[in-house]
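Following are the structures in question.
Presented sequentially are two complexes of chain A, the first with chain B as partner and the second with chain C.
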Partner chain A sequence: MTTLPLPSQKQLPRRNRKKTSVLRSVVVYGGVLLLLFLVLFPFYWMVTASIKNFREISIERTIIPREVTFRNYVDLFEQTSILWHLFNTAWISCFVTVVTVILASMSAYVLTRFLTPTAEWIARISLYAYMVPSIVLIIPFYIGLRMAGLVNTHAGLILSYLSFTLPLGIWMMRACFQSIPQTMEEAAVVDGANRFEAFFLVAMPQALPGVVSTAIFVFILCWGEYLYPVVLISSDSLRTITITLDALTGGGQNIKFGLLMAASTVATVPILIIFLVLQRHLVRGFAAGGYE
Partner chain B sequence: MVQVVFSSVGKEYGGNAVLRDIDFEVPAGCFVALIGPSGCGKSTLLRMIAGLEHIDFGEIYIDGNGVNDLAPKDRDVAMVFQNYALYPHMTVAENMLFTLRMARCSRAESNDRMWEAARILGLEDLLDRYPRHLSGGQRQRVAMGRAIVRNPKVFLFDEPLSNLDAKLRVQMRAEIKRLHQRLGTTMIFVTHDQVEAMTMAERVVILREGRIEQVGSPLELYDRPANVFVAGFIGSPAMNMMSGTFERAGGHYHFVPESGDPISIPPGALSGAEDTSSGHKYMLGIRPEHITLPGPEPVSGERKSFGEISAEVVLVEVTGLDTHIVAAAPNGEVTVLIRGRSAVAAGDRLLFRLDFPLAHVFDAETGQRVD
Partner chain C sequence: MASPSTRSPPRNRQPRLRFRDERIFYYVALAPTTIVIACVIALPIIYTFALGFFIQNTLVRNWRFVGLSNYSDLLTDADFWLAFWNGVVFTVGSTVVATVFGLVIAILLDCNFRGRGPLRALVIFPYIVPSIVVAFIWKFIFSGRGILNDFLGFIGAQAVSVPWLGDQRFAMMAVILISAWTWFPFAAITLLAAIQNVPDNIYEAAALDGAGPMRRFTYLTLPLLAPAIMVVVLIRAIWAFRNYDMIWLLTEGGPIGATEVLPIMAYKEAFGLFRMGHASAVSVSLMVFVTLLAAVHFRVGARLRKAYDTS
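And now, the complex of A and B:
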């Protein structure tokens, strides 16, 4: 039995080829637009809702605000302690990020350069630790922190955050150090540096894209963490931004949409700025770590 | 100038010995090449001198002092790596100043030494550039600059020319040699390229499977290889080898190959150490340039002269300077090197005359040189 060869793209008549090309463009761009819509529309809704009045949000449900008002922001800053909670979130997130980056970099360096036979296992165990859901750990954490007198303190919250940021940081930094040739540190050692100098002066500058990626990830994780603060923090003055947002939902009974959207916008802006400023490093960090 | 001594040095990885009984001396101010096939342990040995690998057995002495327990920074050696290992986030000047910074040198002295090194290597115009903006040859020079700036007791080079193209390699070879003549410092150079070792080094150490096969000057290794491995490793095209026995018949000696006609040996060409009575097997080695072409193959029944074999030319390679002729003889392929041009063509049946006084005889069982 003979089979007729299928016409290849080149063999198709010119008109058919053009049609296929247009169809392909429509499918590709249509898909991209749909994805963009799915990602961006919630942001658009959040920002526009924050500058609408109650009527436009809840009754008319306009897509484009007819009347722009900043009343929600004024009420937000007057009626809630959001600025204080933002400050709490910012300093805790910064502190945890700095501690994570320092400890994770040093641990990952050791795991890639010294303990080769067992390093793989230690690194895997650290990743498994990250994969354990927070809800599973929250009760043991609460009991442990209560015994240490750290419940309802920022110190307790920081410790709980480190329990998931450190494994993630170690895993990311390990991938980063694995991509950096060891010979440069060896050259530094022969040039008269000790191990710490080789680490800080030679390995770390090269790991900078990885450090930035890790820092951004950890910062975002801390900024948006909800479970630990809601369980461990009870005083209003110690709250973080996620608890403020939760409070504005009124337990689902009396949702103040205007305030909530304004608060959400305020909570998102710092992350957005950080991301926009550092996104170049983030992409480089992904590439360097080989986990794009 | 400083002497480096290796005393029964050994190294193991996971129970496997990668270096065994390494015993040799690098005389003060000498340029020594460590050469051998991939995996022979030459780079490991260099890294052991630098302190980057632990010395499992024996002792290494630099300037008379045992360095086994010294950290790399305390050994006062400088190393040029195969991939240069320049610090990518530092400029050329910062790369060269790094080692002086680690040695806590004053700024003025550091700058003086950096400029001196830059002047020697012609790097003055590149000092504010980053390594990524340099060509391969420039990076190589920066790596050497980083080594010479600290004025070390010993220079270590780990295949520094292997990443360069052929032309640049020849240029850098000469540059390193000039540097050695100028500084007079002891240099140990690892390479797998015999031409580099032969042209640059004053002494060559040949390693195979973690053991030293021979130590000597380049010409000693070429003219009197200690064993079959060295004979085959040094020289390009490689030495021709054939196995067989020595026999005495008709008033003179013959070399009787495993296949093919006996080759008559001219009187006085054997050293006398060969066993010609018991059929003991030997390897006869002859360098391609020690074979001449006396003429066409004789007609059947005509006697061949001393050292002559007949073979059919299968390949002719012309390099411009000389011609390599590969011929199929009954006892295997024979490579001949003719200076200049040759009218020989593939398919020609010719006589090949082995220059017996320049032949090398090895024991077939042990591989060691007989005379």
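And now, the complex of A and C:
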């Protein structure tokens, strides 16, 4: 193939081109700065408010804290058992993530490799299930778990989390297995491997990036879940982090923003760590259909 | 018939359970998921449907069958229609804001500049933070004596002290903007992927033919992105309409019902008034609306995939 000379580069006057490129970079970098501000300022405001004293938070409203105090954090750790709640949230989220990833990858594999009518129905139901409003499920959960004696237990909470994580997991893992060619598994089967071996030894290693993305999304969803724990958990010792935060707003008109921002910062740190360590997988997860 | 989103070649449409180990694998892999989905999704939905035909006075016991009267109560209840209408306003508002903003950001992130990679990742952050944290931060920023009012006072040179979320006129607008802030990353990243799928030579050809940036955008970018935009809009609409926690955490449906939507109405009926029958009727009607949206989504998705062969 021959390369044709580009007429535009010859024809355009030099000065004009330079001018448009300057204008272009002004617009682009202006947009970047605006975007940075819009994304980061709320978090900057949260973190700085958590280390300001009351005067600076509500009366002077200083942009840069003049005096750093850890009073809000001291109050937070004295008034609530937030560390214990963090631990609760972490283990529940991890458990649900592991269960979801195991169940979802097995069933999603079947749903992409064996297209029986039953499998098609399960695929359709789980795609639809992800759109079912959680408010529809919470009433039967509440009544059902009460009857089973599982209300106000972590077991009940974990069951209820599966109602949104499993459809999401199936959705994401299905997209993942669809993008993996079947030829290698077929070659393995021809060579005498059974389906279990084809799945565990051939398909799963290829699907590992998808597994990681799915796990991250499921974990993040569990970490921030609000409705189910607020309805199902009543004892302080069983609370998850979202309920710790929710409970801080109670008690009259006087919202202590310093305390709230300190608690919010504590609740965000684990998400920040995941974000910093695994951001590559996060971006890919979006492409695989991982959405809230 | 194959499900709309199946994209495998036709030869795979046949059930391929030729061998015994494949049949065993099939059942072992599908059974647990099927059981869990039946227990935590299918049965609860059926239960909610059934509950909508009953009235119960005390918790759990004392059921009385009332047929469709919960539903007829709803249809004549002005609060129900207000909540429905608020839901429509919230859905349309936050979908439009998040999608337009997301599209602008996607185009920006497609440009060449220093630090593009980190910024692409950073944009996701508002999306993965727990909704309660987002609600707290913005409640703080939007409060009567918050930084937003300081800023507006600074620009307008006169003191502003509107409690944005507590004012009946502005509460819905504030809720829409805040939920768009948490949701624009999805639109931005999805649309960015779609933009990157557009081959560069189309733009080069258009540039050679003398099309300026604006014309390239309206005649090339927008039509080529139309399927992706459509999918983003539909997914967002479904999620906005069923959204419960963000609005609840920001305003609890107030002030004076200004931001009360169907999920919040159902929640208040169920766990404030303990009228489970009414609450179920509200949530069933919510589910009907969401199902209609989901049906459109699957339809449009299938048709777009056929027309454009993208997802």
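In this section, the second predicted complex is superposed on the first by the 252 of 292 C-alpha atoms of A that agree within 3 Å, B and C clash if a C-alpha of one lies under 4 Å from a C-alpha of the other, contacts with A are read in each partner's own complex, and residues count from 1 in each chain.
Note that in this section a residue touches a chain if its C-beta (ideal position, glycine included) is under 8 Å from a C-beta of that chain, and two chains touch if they have at least 3 such contacts.
Being a predicted model, the structure only gives us computed values, none of them experimental.
For the composite obtained by overlaying on chain A, chain B and chain C can both be accommodated side by side without a clash.
When the two structures are aligned on the shared chain, A:F114 is found in touch with chain C, with no touch to chain B. In the superposed model, A:L162 makes contact with chain C only, not with chain B.
In the superposition on chain A, no contact is made by A:S81 with either chain B or chain C. Of the two partners chain B and chain C, more residues of chain A are touched by C. Contact with neither chain B nor chain C is seen for A:N152 once the two complexes are overlaid on the shared chain.
In the superposed three-chain arrangement, the CA centre of chain A forms the vertex of an angle with the CA centres of chain B and chain C, and that angle is 90 degrees when rounded to a multiple of 10.
Of the two partner chains, chain C is the only one touched by A:F196; chain B is not. Contacts of A:M184 after superposition: chain B is touched, whereas chain C is not reached. After overlaying the two complexes on the shared chain, residue contacts for A:T62 are found with neither chain B nor chain C.
When the shared chain is aligned, chain C comes close enough to touch A:A49, but chain B does not. Taking every C-alpha atom of chain B against every C-alpha atom of chain C, the smallest gap after superposition is 6 Å. Residues 194 of chain A lie in contact with chain B in one complex and with chain C in the other. On chain C, the positions that touch chain A within their shared complex are 2-3, 5-8, 12-17, 19, 21-22, 24-26, 28-30, 32-34, 36-37, 39-45, 47-48, 51, 60, 104-105, 108, 111, 113, 115, 119-134, 136-141, 143, 145-147, 150, 181, 186, 189-190, 193, 207-208, 235, 238-239, 242, 244-245, 249, 263, 266-267, 270-271, 276, 279-280, 283-284, 286-287, 290-291, 293-294, 298. Interface residues of chain A facing chain B in the complex, by the touch rule stated above, are 181, 183-184, 186-194, 197, 201-202, 205-206. Interface residues of chain A, counted against chain C in their complex, comprise 6-8, 24-25, 28-29, 31-32, 35-36, 38-40, 42-43, 45-46, 49, 58, 61, 103-104, 106-107, 109-110, 112-120, 122-129, 131-144, 146-147, 159-160, 162-163, 166-167, 170, 178, 182, 194-196, 199, 220, 223-224, 226-227, 231, 241-242, 245-246, 255, 257, 260-261, 263-264, 267-268, 271, 274-275, 279-280, 282-283, 286-287, 291-292.
Residue ranges on chain B touching chain A, taken from their complex, read 50-52, 71-73, 77-79, 81-83, 85-89, 98-99, 102-103, 146, 150.
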